[in-house]
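For clarity, chains are labelled A, B, C, D, E and F in written order, and residue numbers in each chain start from 1.
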Amino acid sequence: MFLHRKELIRPVNVGEPDARFGQYLLEQFGGATGELTAALQYWVQSFHVEDETIRDMLQDIAIEEFSHLEMVGKLIAQHTAKVDQEDVYAAPLFAMKGVGPHFIDSCGSAWTATYINEGGNVVRDLRANIAAEAGARQTYEALIKRTTDQGTIEALTHLLTREITHARMFMKTLDAMGKLTDPFFGNIEPDETVNVVYNLSQGQDARGPWNEKPFEYVANPKAEGEFPPAPVNPDDEKAKIVGKRAKAA
Amino acid sequence: MFLHRKELIRPVNVGEPDARFGQYLLEQFGGATGELTAALQYWVQSFHVEDETIRDMLQDIAIEEFSHLEMVGKLIAQHTAKVDQEDVYAAPLFAMKGVGPHFIDSCGSAWTATYINEGGNVVRDLRANIAAEAGARQTYEALIKRTTDQGTIEALTHLLTREITHARMFMKTLDAMGKLTDPFFGNIEPDETVNVVYNLSQGQDARGPWNEKPFEYVANPKAEGEFPPAPVNPDDEKAKIVGKRAKAA
Amino acid sequence: MFLHRKELIRPVNVGEPDARFGQYLLEQFGGATGELTAALQYWVQSFHVEDETIRDMLQDIAIEEFSHLEMVGKLIAQHTAKVDQEDVYAAPLFAMKGVGPHFIDSCGSAWTATYINEGGNVVRDLRANIAAEAGARQTYEALIKRTTDQGTIEALTHLLTREITHARMFMKTLDAMGKLTDPFFGNIEPDETVNVVYNLSQGQDARGPWNEKPFEYVANPKAEGEFPPAPVNPDDEKAKIVGKRAKAA
Amino acid sequence: MFLHRKELIRPVNVGEPDARFGQYLLEQFGGATGELTAALQYWVQSFHVEDETIRDMLQDIAIEEFSHLEMVGKLIAQHTAKVDQEDVYAAPLFAMKGVGPHFIDSCGSAWTATYINEGGNVVRDLRANIAAEAGARQTYEALIKRTTDQGTIEALTHLLTREITHARMFMKTLDAMGKLTDPFFGNIEPDETVNVVYNLSQGQDARGPWNEKPFEYVANPKAEGEFPPAPVNPDDEKAKIVGKRAKAA
Amino acid sequence: MFLHRKELIRPVNVGEPDARFGQYLLEQFGGATGELTAALQYWVQSFHVEDETIRDMLQDIAIEEFSHLEMVGKLIAQHTAKVDQEDVYAAPLFAMKGVGPHFIDSCGSAWTATYINEGGNVVRDLRANIAAEAGARQTYEALIKRTTDQGTIEALTHLLTREITHARMFMKTLDAMGKLTDPFFGNIEPDETVNVVYNLSQGQDARGPWNEKPFEYVANPKAEGEFPPAPVNPDDEKAKIVGKRAKAA
Amino acid sequence: MFLHRKELIRPVNVGEPDARFGQYLLEQFGGATGELTAALQYWVQSFHVEDETIRDMLQDIAIEEFSHLEMVGKLIAQHTAKVDQEDVYAAPLFAMKGVGPHFIDSCGSAWTATYINEGGNVVRDLRANIAAEAGARQTYEALIKRTTDQGTIEALTHLLTREITHARMFMKTLDAMGKLTDPFFGNIEPDETVNVVYNLSQGQDARGPWNEKPFEYVANPKAEGEFPPAPVNPDDEKAKIVGKRAKAA
């Protein structure tokens, strides 16, 4: 059951409204890396994660992200509070769709649940969450660098901070499960190629921890499978053969 | 520059075609966790990642994922090779759109680049890649459990294996950068709340590595910010006030 | 600020899990008429509606809708609790994407913020909300008719009931503003055609309250404007004129 | 059967082409509140509404909306008639996609049928239509306020006027059915909570017609349902329990 | 200006309603190759094509496609006329969304204007139209093969026929412009590679009219350009270099 | 099996970076007419086209398009190489999402597989490909006209050239099959209306090769079908009849 207080989890005080910056902020309200994505991703995971203690963590963080979404919405509302005839060409998005936040990103693309990454396994979910936090943190940094308004910077810095906290919480959980530094999970045994690395993009090749021992590096990989023909389409007419097979290349 | 050999990187030999299973396989051809997502995500990252050695790794893996996408496509082509009038109701998707693979998922939703997670920072990118590998591995496990065709199982097990390999490669890279187990990255200092955990979903609360020391646990978080009013919309008429503020709750 | 109790606003007790029905229920979790649409629509409106008393109503209802979304999610989780190898073909969606709710509709299409209708004016918002409630109620009725599980029926009937309550609340608000039965709102004067009705679809024509007095019915409408030519496209070559104008029809 | 006259239902005469304004106008050609949404929504409803007289009304208005879509298209064509090298940065959308209208909104997002609200019940359809008209009217007002071109203002004012007319027609129809001011419709009996209002967003609470008598106001709502556990996912490994349940909060 | 007759351009008489087939028919109502795509594509082209005689053709065909969309809608309405409790699992889509047509495809994906191909040049538009007709014809053939209802077959055969007619009309137009068999159009001179064909997919190579003289066939293409480094991202931290460049491959 | 060389198929050398032009270039990286659409469309066709020689052609061209996608990506990377605080308002898209290419178009809309046109028949596929090439060529021309950077113009001119080459290859193939100038294909006999042209948009009518002999021109088409009633919706209440049928118009 959800409850709400008509207060903010942390203060939001915009000094100098800037509708163009308000448009950028949409990236964290209705954009891919925004708070809605995080809130809904963690919360929907809580419906299928079996461990009730991890479920509790997911719900705690999800509710905080809803509260952060509210902070971002208030930031946008304040930055667009003076939108009027004069600066319509600076942020026409709000002129057409109304002031305040909308569930679109800074380019006007509607939020979509395809941004969410979840399902079927708690290790997969937690790794997805660390990725989500990294994306959110990155966008907050980009936003902070594009404003000089002190109140805005303070609010955004808090939001960036909390993404780091959440990332650490997810890391601690994976670590306790032994899955932070171990790529394996699930019930299927991998095959014999699990340590092989293929050099498929060739030219200025490089070596590093990702293709040195214990990995087995294959400098010139070869195809191992034949090339199955296309299926016969029952609806297709028999195409008139117009070419001929060349001699082997 | 891309090149192609009309051979497969690993064999694909379907014993018993099953159009319904072919439809499930679309999840890894044109679905969120599929090979197209992985191939394009790693490859597009290679355009902006500054470290040329990590770029090389991203390109090597991206090209392998394109080769895996080809394997999945061939699996679908073989599983739909006998689609005809009789089993049209078993996999009507292929009856309407033609046999063979399409860039849609198992529910018929078109692939969208919103599945991709990348941009602006190599740590963010690598974390996104570990998440992508986990999602792909999970879907391959679900697929393997729903078929008894041995050739299909072998091909899918190889594809699952390689997701583990790639995850390990990304982990090794992050580890060499000191960013596998450390949540911090980027250029912004977090604020003083970085170790605080809020118990915002209350009831059957739990404790664990994610909210025990060194975290500071706040059992009953309080709002710290006021609630800014809505912006005045210049296009709105002045709504007739129809309610009255209640006494403070 | 959001808070959460790990209890449900109303009980959810599924007697006989049915994964296929679980798939239908997705329509109200991640579908167009579902609880996410309602919750986010009313809540985002609260950021720009000037009247603080109406804002309070929008927030009260939005929070209830989040709590309803949780109920629908729990219903889906219970209906998919027995998904396994045997009934995979009955609800393959959960086999591929994992058990429990996802932000997709019953056909597997991802939820999109384009379902939301809001912006710029409180009358427009409230009318959109009455429409949203009507769509939600209709889908709940369709769901209730397709199940015989008593616990499911009780939960869905409560959810249907609340949509009626919310519709009444929105109606009362519009009525207090004089805008429930009066089509006018906003600051622009309509032109002289405001009472004219055009019979543009001709054949088995009908008359009713919508085209009788005080409306002025035009049985055979005529075009009143000329047909402007196409703009000259600077990027286009001059197309070779290949036809000739016929004599006037 | 559709027919077309190469004339406009009402005149369109742009005095001073303005490509930027042409871009805004896309909101009513290929945007959520635009004429395509209205035309297709009313028309598709006419296929399932049983009452043939209401069907006739839906078709009459749908055909008018198609004619309005044509007017908006002609406005855009005229406003982009001078797009060339000089002002390419003012409306680059047309530079890339060609002059004239496209089925995208003012941000370049493609029109989608998810904007449409219809199905299964005539009361639901008519309420959706009143909402659609309100959205369209609101966008026309926003557009009218951002131009000084007299011909454009006249055309847009006519289009705004007709949305009011249509809203009145839909209201008259609902009123004749007794469903304009009565929230109930359909065949399911609501439960005993139908008059209850929950104060779920707490703080600066307000009272008004929406939560005063005859509504029963619950100032401090309590959860009434237990919290069902997550379903067991047959594909998931048993996650290592890493936390412990805390004492009851 | 649009007009409508409440009659069909050609008869639609379904003998034996089949809700599952009704779902397939959605492919031509709200699907990629459907009549809405054709109608809107040709019609929107008519706003920017300069030659008024070609514009007339585009409008004539667009209006016919709207009339065909109406026929497909009526087919779907008749095929779903008996949807009830019994066959709900056969076509659950209609159970959830209501009987009759909707602007979704046979998998439930909403129609999107991204299906439309148009803009900037009449030759490009006409080529896009020939492609659209081919896709529509192909889907009609697939539908005809999956039904035995004679009335349905007759209606679908007419619709298929008209796609051939329209394709011929577009071909005749391109031919009169000299652009049916000549790939060139527009104002930019191609470079010296215009007759070169690269054998980039190697293995079982083939020769045919597409890579024989007058084409110049390059059996083993070489890269001609260097590989520019990635741009320096001002928001990125300097990634710790973790790999080393390998010796030239 | 895919392989990659860390070299470009043709040189890319941007002289003067221009982030705004970089944003336009996205149209050919992640836009409808871009290289990703072409590469994936031709390649996915190769899975179902039966004729192995045509399959080879599709694969050769698909691989070239991937190499072109790489060129466009490098162009965007170079044009955004200097994105910083100063010109953030010139191309804010890169400020928010990071420098370099992304799979979005110039308006920020994510690439979607709905751009792809393929399936079920080789003639349909090849016609779709000629259309795709025409769209790509058109966008390259628009881009070339909006830049003065010589290196950019050379790269774009090469890319435009290759679209012409590919169009010619597809035309040669269709011509060898007798399907370049003949609209017929497939296995269904058209009905007797195959040569009829309907004048459905009336007014300033025109005649040309598309409606002159051998076509049969119907100047005033009449409806030939009755208008079936709406289906009875089992979920709908019986709407109170509120209108009456008018006398026949």
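Assume a residue touches a chain if its C-beta (ideal position, glycine included) is under 8 Å from a C-beta of that chain, and two chains touch if they have at least 3 such contacts.
Because the structure is a prediction, the values reported are computed rather than measured.
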Counting hops between chains that touch, how far apart are chain B and chain F? 1
Repeat of B-F among C-F, C-E or D-E, where over half of the residue-numbered contact pairs coincide, is which pair? D-E
Give me the superposition rotation angle from chain A to chain E, based on Cα atoms, as a multiple of 5 degrees. 180
Inter-centroid spacing, chain D versus chain C (mean Cα positions, whole Å): 9
Can you compute the centre-to-centre distance for chain B and chain E, using the mean CA position of each chain? Integer Å is fine. 29
Any chance you could list the residues of chain D touching two or more other chains? 1-9, 47-48, 52-54, 56-57, 59, 62-63, 67, 74, 77, 85, 98-100, 104, 107-110, 112, 114, 119-121, 123, 138-139, 141-142, 145, 173, 176, 185-187, 199-210, 223, 227, 230-235, 242-245
Given which chains touch which, is the overall layout a line, a ring, a star, complete, or other? complete
Along chain F, where are the residues that touch chain C in the complex? 138, 141-142, 145, 199, 202-210, 219, 227, 234-235, 242-246, 248-249
Can you list the chain B residues touching chain C in their complex? 20, 23-24, 27, 31, 105-109, 138-139, 142-143, 145-146, 200-204, 223, 229-233, 235-245
Inside the complex, what are the residues of chain C that reach chain B? 1-7, 46-57, 85, 88-89, 92-93, 95-96, 98, 104, 107-110, 120-123, 173, 176-178, 185-187
Would you pull the chain A residues touching chain B in the complex into a rising list? 5-12, 32, 52-54, 56-57, 59-60, 62-64, 67, 71, 74, 77-78, 80-85, 98-100, 112, 114-115, 117, 119-121, 123-124, 127-128, 130-135, 137-142, 144, 154, 157-158, 160-162, 164-165, 167-173, 175-176, 180-181, 183-191, 193-201, 204-211, 215, 221, 223-228, 230-235
Please name which positions on chain E make contact with chain D in the complex. 1-9, 30, 36, 40, 44, 47-48, 56, 59, 62-63, 66-67, 70, 73-74, 76-77, 97-104, 110-114, 116, 118-121
